Structures are given as C-alpha cells and as structure tokens.
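Dropping a structure here in structure tokens format, bear with me for questions.
Note that the chains take the letters A, B, C and D in the order they are written out, and that residue 1 is the start of every chain.
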Amino acid sequence: MEFVFTEEQQMMAEMAQGFLADRCTTADLRKLTDSGDTFDADRWAGLVDLGLLGALVPESAGGLGLGRADVIQIATACGAALLPEPLVDVMGVVLPALNDLGQDALVADVLKGAAHVALVHPDAQLVQDAPRGTHILVMTPEAVTLAGAEEVTLTAQPSIDPARALSSVSMDGGAIIAQDAEAFAQVARSGAAGALFAAAQLLGIAQKAIDISVAFACERQQFGKPIGSYQAIKHHLASAQVAVEFARPVLHAAAAPAATAARIAHAKIACGRAADLATRSAVQVHGGMGYTQETDVHLYLKRALALRRIWGSETDHRNRYAARLETSAFGPDTLFAKEA
Amino acid sequence: MDLTYSEQEIAFRAEVRAWMAEHVPEEPLPSFDASREGFDAHRAWEAVLNEGRWGMVTWPEEFGGRGLDLIRWLIFEEEYYAARAPLRVNQNGIFLLGPTLMEFGTEAQKARFLPKMATGEEIWAQAWSEPQAGSDLAAVRAKAVRDGDDYVLSGHKIWSSRAVYADWAFGLFRTDPESERHRGLSLILFDLNSPGVVRQPIHQINGEHGFAELILEDVRVPAENIVGAEGQGWKICMATAGFERGLMLRSPARYQVAAGALARLAHSRGDALDPVLRARVADAAMNAEAYALSIYATASRLEAGGKIGAEASTNKIFWSEMDIALHETALDILGDRAELLPDAPGAQDAGTWLDGYLFALAGPIYAGTNEIQRNIIAERMLGLPRG
Amino acid sequence: MEFVFTEEQQMMAEMAQGFLADRCTTADLRKLTDSGDTFDADRWAGLVDLGLLGALVPESAGGLGLGRADVIQIATACGAALLPEPLVDVMGVVLPALNDLGQDALVADVLKGAAHVALVHPDAQLVQDAPRGTHILVMTPEAVTLAGAEEVTLTAQPSIDPARALSSVSMDGGAIIAQDAEAFAQVARSGAAGALFAAAQLLGIAQKAIDISVAFACERQQFGKPIGSYQAIKHHLASAQVAVEFARPVLHAAAAPAATAARIAHAKIACGRAADLATRSAVQVHGGMGYTQETDVHLYLKRALALRRIWGSETDHRNRYAARLETSAFGPDTLFAKEA
Amino acid sequence: MDLTYSEQEIAFRAEVRAWMAEHVPEEPLPSFDASREGFDAHRAWEAVLNEGRWGMVTWPEEFGGRGLDLIRWLIFEEEYYAARAPLRVNQNGIFLLGPTLMEFGTEAQKARFLPKMATGEEIWAQAWSEPQAGSDLAAVRAKAVRDGDDYVLSGHKIWSSRAVYADWAFGLFRTDPESERHRGLSLILFDLNSPGVVRQPIHQINGEHGFAELILEDVRVPAENIVGAEGQGWKICMATAGFERGLMLRSPARYQVAAGALARLAHSRGDALDPVLRARVADAAMNAEAYALSIYATASRLEAGGKIGAEASTNKIFWSEMDIALHETALDILGDRAELLPDAPGAQDAGTWLDGYLFALAGPIYAGTNEIQRNIIAERMLGLPRG
C-alpha cells in the first residue's frame, strides 16, 4: 500500500504542466476563441510530439504503455489549463477503445497526428471538435460503428463554453466493428474512462478557481482592507478547498487499475461538486468582476458546468454508487476492494 | 388576517389579465441588454404600457400611475409575469429613481422627469459604484464641483445598469472634496449624452452588456439636477437601496412563473425524473411561494402604516439564493443539454434555463453582496456588534 | 387581502406571551424536570382559566369559537417557551376532534380541567402525558376509538427531551366513535392540525434559539472582542434569521381557513428547517457551552429534534407538497387558491 | 502508487482480526464518560489490549508498541472498529500526550509516564482551555509559579476531557506572569489527585460528563513535570493540536463502520425508503470513503518523509460535518423514533443513533471550532491575509 505517486508519475505530470504553462494560458485561449476557433494546430502537434496521446496505448501498438494512475494528473492539469483540444478524451477514451477493438492502423495514424477520431457515446452524445475528424466512432450498447467523416452528417450545437465546438452526429454509413456483449462491455469501459478523466479535469478547474480567487482577494481592497481578510471570503474559499482536498484522493484511487465503477462514480460526483463550489465561490469572491468576461472566472465556471453534466450526471453516478452500496458489504475492509 | 381577494381585487386582476392578453407581444422581444434594437423594442413596449396606464400602478395619477395600493401592485405583477410580458427596461427609473424623486425631489424635478420616465421616453441608468468601491458605496471618489449654475462631474463609475443604451443616469458624487466616507456625497442626475461622458460596455458572463463603465470628464450638469441638498446623497441613496432590495427589485411573480415552468420541465420527464431532483423542484416551488407570501405580508404591513427595515436584506438573500437553486435544478434535469446556447438546434428550452442560471449568479453580488446583507441583518436586525 | 393580524389577534397572542413569560421560564422548566415531573398542575389550571384550551371549540360548546389564525401565534409562543404541558395539542387537535365527533360532555370536562384526553394518531403514535389522561383517543384511518384510562396499557417511552413524557399505548377496550369515511376524514383533519401547530411551535423555538444566541454572542469575548463581532458568527445567525423570516408567512398563511394540505406541509417543512438551522447554529455559536446542559440551548435543540419528526416527517410533507405540484397548476394566481 | 495491500499487511490484518474476535467483550461496555464503573471497565480493557501489545502499534517496542508504520496503524484501527471494540478511554494519552512526550519529553519523563500510559494504569485528561478562552488558547490565564523544586498551579480549566475520572492531566500554564498571549506558556503534567484540585463534572447535552471544570488552588507539582523548557508550551501544544486534528483524533474506520450501519438501517426500510434519504445514505458512505482515502494518502505521504500541515484543519472540518450529516440521516430514517432514549422499549437501535448525533454536534466545536479551522486553512494553506 503506497498512496503516493512515484517519481516517474510526478515527472510526467510536471512535464505536462510545464508544456501547458508555456503553451496554454488563458490569454492564448481567449485569442483562439476570439478568432472563432477552438483548435490550435501547433499546440496539438506539440502534444502529439510529447507522445501523450498514446499514453495508455501498449508500447507494442506505438504508445507509452502506461496506466491511468500515470496520467491522471495530466488530465487534471489539462482541466486547470482549460485546454481546448481534446487530448484528454483522445488519450483517455478514444485510443484505448480503438486499441481494444483492434484498430491498429487507425491507432497508429492518430498517434502521429494523421487522423482524428471523434467519439459518440451514450454518456457523451455531443462530440467535441467533430468537423476536424477524419473518423467518427459511435458506441451504443448494441454496436460500435466506425465511420469516415464523409459518412456522417454533423450539426453544430454551440455551447456556452466558447472553447467547446460541439456537434450532434447522424450516421449515413460506417462499419460495425463490435457488437452485442463486446459492444456492451466497451460502452461500460469507455464510459468509466470518460467519467474518470472528466472528474480529473473538474478537480483541476476547482483548484485553479480557488487559486485565482485567492490572488484576487489578496489584491482587491474594500472598506479599507483586502477583501481576503474578511472572514466570509476566507470561509467561502476554505470550504471550497476542503471539497478539493476530499475529492483528490478519491480521484487518485479511482485511477487505480482495480478501481470499481462505484469508485469512479464517486470521483465524478466529488470532483464535480468541488468544481461547482469552487467556481461559484470564485464568482462570489470576484464580486461584479466575477460576473464579467474581463476576469477568467467565467471560463472555469462554464467548463465546469459542461463537464459536470457529461460522462454521466450526478444522478447517474449516484445511482451507480448506491446500487453497489445496496448489494455489497460496506466497511473499512472494502475500501480497496476489487471490482466484483 | 384575511387571505382572500376582495371582489375589487378580483376585478382588477381580470382587467390586467385582459389587457395583457391583448397587448403582450406574441414573440419575446430581443434582450434590452444585448442590442440597441432590443433596447428600443422594450422602450416602445413601455410606451404601450403607459398608454394603458400600466407603467407603475402605485404612482399617483398625475405622473401616469393609478394611485393603487401595494396589494394591487402585486396582483399587477403577477398577471404581468404570468402573461410573459417583456422585462422592464425602465426599472431603474420606475422602481428606484421614481420613488426617490417623489420623496426627495423638487416639484420642478418631478414635473420634468417623472412623466417621461413613465412613458419610457427617457430610460434611466444608475451610476453608483466605482472600480475601487464595489459594495462599499461610501468609498465613492467621483466628484461634482460647483461652477456657477452648473456642477462639473468627473470620475469613473462602474456597474451602471442599462447605461450602454440609456438616456439619463442618476449617481452619487462627492460635492465636498474634503469629506470622507459617506459624508459629503450628493445625488445628481445627468444626461448620458452630455459631452464628456464615455460609456464602455461591460461584457457579462452571459455575453450581454447590461452594465457599463462610465468615464466622466468635465461633464457639465445644471445645478438644479441635484436631488435633495448637497451632502444628503448617502441618506437618499440608502432609502433607495432599501426600496431596491426590498419590495420592488424582484417581484415574487417572477419566481412563481419560473417555478411553474420548472415543475412542467420536471413533469415532462415522467418516471425517469430522479427523485432527488423531484424534491429540489418541490423546494423551488415552496421557496417561490414563501417569497410571495412574505412580500404580501410586507405589503400589507406597509399599507397598514409600517416601515420596511432590515428585512429588505433578508429578501435579497432569499430571492438571490432561490433563483440560483431553481435554475440549477433545471440544468440538472436537462443534463448534457444544459450547456447549449439558446440557438443550438438541440437546445430546445435549455438555452433559456442556461441564460436564467447565468443571470441568477449575479444575484448574490449586485445591489450589495449577500455578505454585506448578512452583516446588515446581523447588526441592524439582530443587534450584533459591528466588526 | 389583508396579511396582517388584527388587533384582537395580536392582543390574544400578547396575553398568552405574558402568561408564559411569567409562569414558564426555562428556570421553571428545569425545576419541573429536575423533580422528575413534566406537568405543572398550577400552570395548567392557569391555562384552563384563560380559556385557551377551548379556543377552537365553538362558543355553543363552551369554547371561544376562534379560528386557527387567531391562535397560531399562541402556539408559536408555547414553542418559544418550551411549555411542557400539552396545551397546543389539546387546543389545536384534541378538542376540535372531540367536538367534530360530538363528544360534548367530554369536551366540557376537558374545558374545565376535569378530564384529560391523550391522542394517538398515525402521525403521532407516541402520546405525551398519557399517564395523567382520563381518556385515550385513538385514531386510525379505519376507526376512531375512545377509551378510558383503565382500558389501555401504557408503556413509558422516555425521550431525550426531559419535558416530553411519552408513552406507547395498547388498547384493551374502548368504544368506536367514528368509522370508515368519517374516521378517515378525521385522521386527515387532525393530522393537518397537528402538523400546523407543531410547525408553529418550531417557529417559536427557532426565533428563541436565535435570540439567546445573539445575547450570548454580544457578551462572550474571544480573541479580545465579542464573538458576535466576527463575520462567521454573524452569518450563521443571519442565515438562521432568513430561514425564520421565510417560514413565518408560510405558517401564518397555513393557519388561514382555506389553507390547503400542501400549504400546511410547506409550513411544517419550512418551520422545521428553520428550527433545525437555528438550534444547531445556537449550539455552534455557544461553543462548548452549547454542548452542555448549563445553557438553555440543548432544551431548544431537543424539542426541535422531536417536533420536526412527529406530525409527519419532512419526507411525508414533501411528498404531499410534490403530489399537489404535480397534479395542479402552479403560478402566481394559485398562491391563495382554496383547497381543491 | 500502489493501492493494494502487501502480503505482510494482509497477514497483519488477519492477526488483528483474530485477536479482536477472541478478546473484544461481547456486550458493549458502559460509557466511560457516564460512571466510574464504565471508566474502570475501559481501563481494564486497555490493560487487555496492552497484553496483546495492541495499545498503540506505532509506538516503539520499549514503550509497549510494535514500531509499525501508519498504514498498519490504519489497518489496526479498521479491524478495531469493525470488531466494535470499546472506545479508547486512553486517547488523550496515547494519541496526544504520548507522541508529544516522545518528541519533547526527557528520558526520565518517557520512562516514568509512557509505560503506564500504554497499560492504562494511568489515564490522562487534557487541561488546555479556560472559561474565558474557548478556542483562543493563547488567552490562558492559569499560572504556574516556580517555588523551589515545585511549580504551584492555580487557575481555572474547562473542557478537560476525561478529567472527571482520570488520574493525570497535562495542561497549559502561564509560567511568565508578565507575558501576553502565546508567549510565556508552559506545558505541565499534574496528578489529578493532588491536594488543591477540584473537579466539577460538566453535564453534556447527552447527559454524560466527558468534560470537567478543574479548579486549581495552589496545586504543587514537581518542577520536573514541565515538558520542554519554560515558555515553550505554545509551540509544543500546537504540535500536539496538529496531531489531534490530523490523523489520530478520528480514525476513518469509525465512520466507515457507521456508514455501513447506516446503509443497513436504510436497507431495512426496503422500498419504503425515501429516495432523498437514499441519496443521503450514499453521500454518507462516499464521505466515509473519501475521508479514509485521504487519511491513507496522508499516511503514505508521512511515511515517505512528508509533514502534516494545515490539511489537519481540512480533516477536522470534513469529519465533523460528515459525522453530523451521517447521524442526522439516520434520525431522519428513524422518524418519530429518533427522539427516544436508548433504554426506551420502542427505541430499538434508535437510541444509539441519537447518542451518536448528539455526540457529533460537539465535533465542529471542540479541538478548535470549525470557524477557527477555516481561518487556518484560509491563512496558512491558501495564504489569505490575517483579519
């Protein structure tokens, strides 16, 4: 039992954080979305070069052969940086699924940046960045279908988050690459991965929303002293930090190889609530400025609003957790129990 | 204690309902905070309302009102919201400045400003806060210097609601340069089209620009535009703020209509609705009713000669928190559609709920943050010592 | 439409408040319960003399012929005073029920203090002060039974609230005085009355808990100033006061003759939550002293704990309210709608 | 990152479980805070535990421990709570004073006090707070005056946990009469049976008397009973408080066992369970797991050489709020049975939940109120300016 990241895991995370600090500031994000775009090809090429897309793909298939615990902090960093490109979904969900389904050539193309696969999943029906996709992967519990871009019709579905270019997809063709039990299992596997990595991003957003609020509260004066010296402001932010502190270990445990679906559900709920509390506290701490587009608060708020409600709502995840609670024993010795 | 409407009240409700059915535009008007076109459409609606003498039913007849009591005002508002009539672009005027002028203004000011306020010919912005002031209004630094028959205004105002498109503004200015905090402030009315006024729209979280920053450089205003005497601004402004947080800023019907819509949204999910969300929908409806009942009780008390006090602060906290919870419940029912903009093909009614949610987030902040309101309740209502 | 109490209603309330201020302080209460008792015969005689027991009984039957709105503030005052004797239930529930059921002689006996009737109801199965009862009235949706004290077996069920002498009752005899539809209707009527008047007491407790906390917070010094000058303490109490302010008008509207069952359910929920928030804030504001029996806080906390869960739980009342919401229109013009 | 137990850890768990199965009393012991009899029964249990060398598994072997790591301590606690073994009457000693003595005590103090602490022969009370101090420990006024080889203690202590029946106490005293606030305080150990010590039980909300007031009048204590140097009391006390709020005050297993019992209580209602309560039960279980995971992570970090900092305050807030919510959910499931005392015939298991609820209410207050904890988080963890 060692509930700390290894040095290698920590180094991976710092490498990604460094890249994002350089290449994905909120100023960069504003410039991108102000120009009407949501995808920076140079930044994506940088991510491709780092090999991050294939982190969870076996080395034999051209990836890094890592596990979820190795990259969970990278997903958190992407959330904190509000990365607009779909690294987290591609790395965490799409490529593992294509690899599971034996799509080796397509995996190789994606890894070198030559192909882009957008995913439609029962828990994430609107797809991000689909117009740029060379392929669309559509999962239902009955079948997994892979279609070329020319075989689908996309309808833009603009989001309040200007960096999320969403579309709905209707299929005009494509090839079924898995069915029945295999499709059903893949939907569950991909759904769990999607929820886990959405949770990771939410945690990153939560901490970042607190951090920028602390900085603001130290600067901003009201009634003759920094607003951060008022107990009400302190307690807002302290409560948000408490939520983060008790979501983080759940998230990290949910990234373990043996994590149950219930644990991942818990992580999604806890990180979602932390992000909600933190971003709304950030609005309140920023006062009027928090209600404008002049500070960055709204960017975190909107991303959190979206991520909380895709890859399973709180209702969905609560039901999953409760179902396990009602059918299995619960006690100290079940804390690290493996999937039944 | 009699919680039944009189025959006259019932007749009045019917009259409002009939008029609204005939006059409320079928299509919702575009937002008055997003474009000049939307603003003008709402201004036109104010004129229509005024023709029906519905501008502000509690105002005296001479200023375009009907001289009715607060209970009838509530009934009017109920029918107004139930008819989904346009939001009031004129609310700074009719709810805030209007009552202030009636109480503190000269006869000339009333004659000059109130009728055009009632018709919507002149739409008002407020100009209270300043960049380094926030909820601390006593920190106002913008000044008004007397120069012959004029005041010369200079300074920097922020969070001026409606100021992007409005015609006139009322604001707090320091007339005594030696003064500190809330002493030496005066309430002055100024034409937003005067030379020296620069309006900078503030882009809100929801993309609209309901607020502006105002940069004032040597703006000349006739001295007769001061309301009350020099140095009385704080006192007058507090009276206005009490009104704002109290009865009129958010009329209860708004939330009852929203809660009714939420109940229908929930109902449309049938048995698939999460029972926890069902409970939150019931909470939203209960809160909307509690707020309405509280306002009825306050209105009755005022009609019986009572005064509105620190409970205005309890209202502000209650409606602002209720508004967020109500809209958040809608977003949770909508699930992954919640993030879609109103014009997304898949949004259906989701966009309206999203808009309402984002708008609601401002509630605990403006007109004095809820932190300030809790201080007020603790100190003035409960008698706890000042920090 | 006049949502203010009349002068007469106000005078009634002040009369009761005056009586309670004189005769039912917490010092009186402690003396009573320290002696192992829960009933002060002198105080009861005083209440009998005031005629309050029969407030809701028609004048023709020896009562005052008043309505619920006339006495709702009296019930609130009883809550605030933690009155241990069962005035509220006798005045609000038992005597109106006996009157409904035509038990004129028994009504007359109760009014003059010669009889005492304890009530068992589906929403209040444990009865207060039953050993002193000359009669037990047992309501079920099928039948209403009136038994003499000798026809029942009582089992003491001690409560955490030392002033609530509870018993469970098993019937060894008695006479059925209403059946079927009449019994069913009486259960509903008495249940609504019980919930309304429990709500009133909860509101009184809530305000009182805030008031004693304010007094304490003005006195008690910490870190060199009164604790009431700290924002965290202010905001605890301000939030509790907000809850009270928006429970009170609901309660008063629920006392109107045409109030719906949903409105009474709302009042019970709102007053219960206000009492819960206020008493728990009171514990927190009083710090360690709030956790002892040396201050009065625990008395309010325990009474609120009990009253919140009898005469219908929050679950029960929420379901009632939600059911109406789902089957009737909801909007501004339904605010004062009459019972369907 | 490896979230699986090693074979040795699994074997250790099995060893604890087997021992507990054999030794834990079948009937729960009477509370140690309600009677001398209950206190003595718990003291006897401590002796049994010590015979099995389970008193405090992280302590060095020389003091009766096993020198094990914190992960094994957690496993021990899990099995201890799962076996429903008696609460530790000795917790002031083994969790607070023991670690403090090991860090700051002299060899003589360790030899004198630790072994009897481990066996339960000497049970410890703490004597920190004072009537006018509350959470403001720096306001301590009780004094210790040096007189030859003794200190002479006088003053008034309150909230001394276990002090009604305990043998010894450790407390903060002002050794420098000229000093103010946290300067000039010292940590001194004293025998509660010394002449001049008067113990007054405090009647808690739940009827027990887990705390006492201590009136100290010229209580003579050998000077060697000071821990650390004169004036170091505050620093040492803060280290102790960090420990208290941190890892050991509430071990996670306590809440996991309680949440498991809550889940069974809920399950016993079957389909009649309100789905809103079902959601709150799930929340309780999630919180218990989150707390446990967080403590495992902290324990791993400490084993890897890390330090415990302000996150001790986040723990305090989290467990105390979770504990109340968990028990309140149980009371809401129990409905009208919730108010019944454990010995009421109709109470069944309700009385235990009621006891637990009342006990939980103290959580946000003692060991530094949650208001103080939030200040600490804001100032020390987030870096916000002091009030």
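Quick note on the criterion: contacts are C-beta pairs under 8 Å (C-beta built on N, C-alpha and C of every residue); 3 or more make two chains touch, one makes a residue touch a chain.
In UniProt terms, the chains line up like this: A, B, C, D = Acyl-CoA dehydrogenase.
The model shown is predicted, which means the values in this text are computed figures rather than measured ones.
By count of C-beta pairs in contact, A-D exceeds the other of the chain pairs A-D and A-C. Relative to chain D, the most remote chain by averaged C-alpha coordinates is B. With centres defined as mean CA coordinates, chain C is found 39 Å away from chain B.
Once the centre of each chain is set as its mean CA position, chain A and chain C turn out to be 51 Å apart.
Shared interface positions of chain A, defined as residues touching 2 or more other chains, are 230-233, 235, 318.
Each of the following residues of chain B touches two or more other chains: 274, 276, 279, 371, 374. The part of chain C that touches chain D in the complex is made up of residues 124-126, 155-161, 164, 166, 168, 220-223, 230, 232-233, 280, 283-284, 287-288, 290-294, 297-298, 301-302, 305-306, 309-310, 313-315, 318.
The residues of chain C lying in touch with chain B in their complex are 1-6, 9, 69, 210, 214, 217-218, 225-226, 228-231, 233-235, 237-239, 241-242, 245-250, 252-253, 255-256, 258, 263, 266, 269-270, 318, 321-322, 325-326, 329-333, 335-336. Contact residues on chain D toward chain C in their complex (touch as defined above): 129, 132-136, 139, 158-159, 202-207, 211, 274, 276-277, 331-332, 334-336, 338-341, 343-347, 354, 358, 361-362, 364-366, 369-371, 374.
Only residues 274-276, 279 of chain B touch chain D when the two sit together in their complex. Chain C meets chain A in the complex at residues 230-232, 235.
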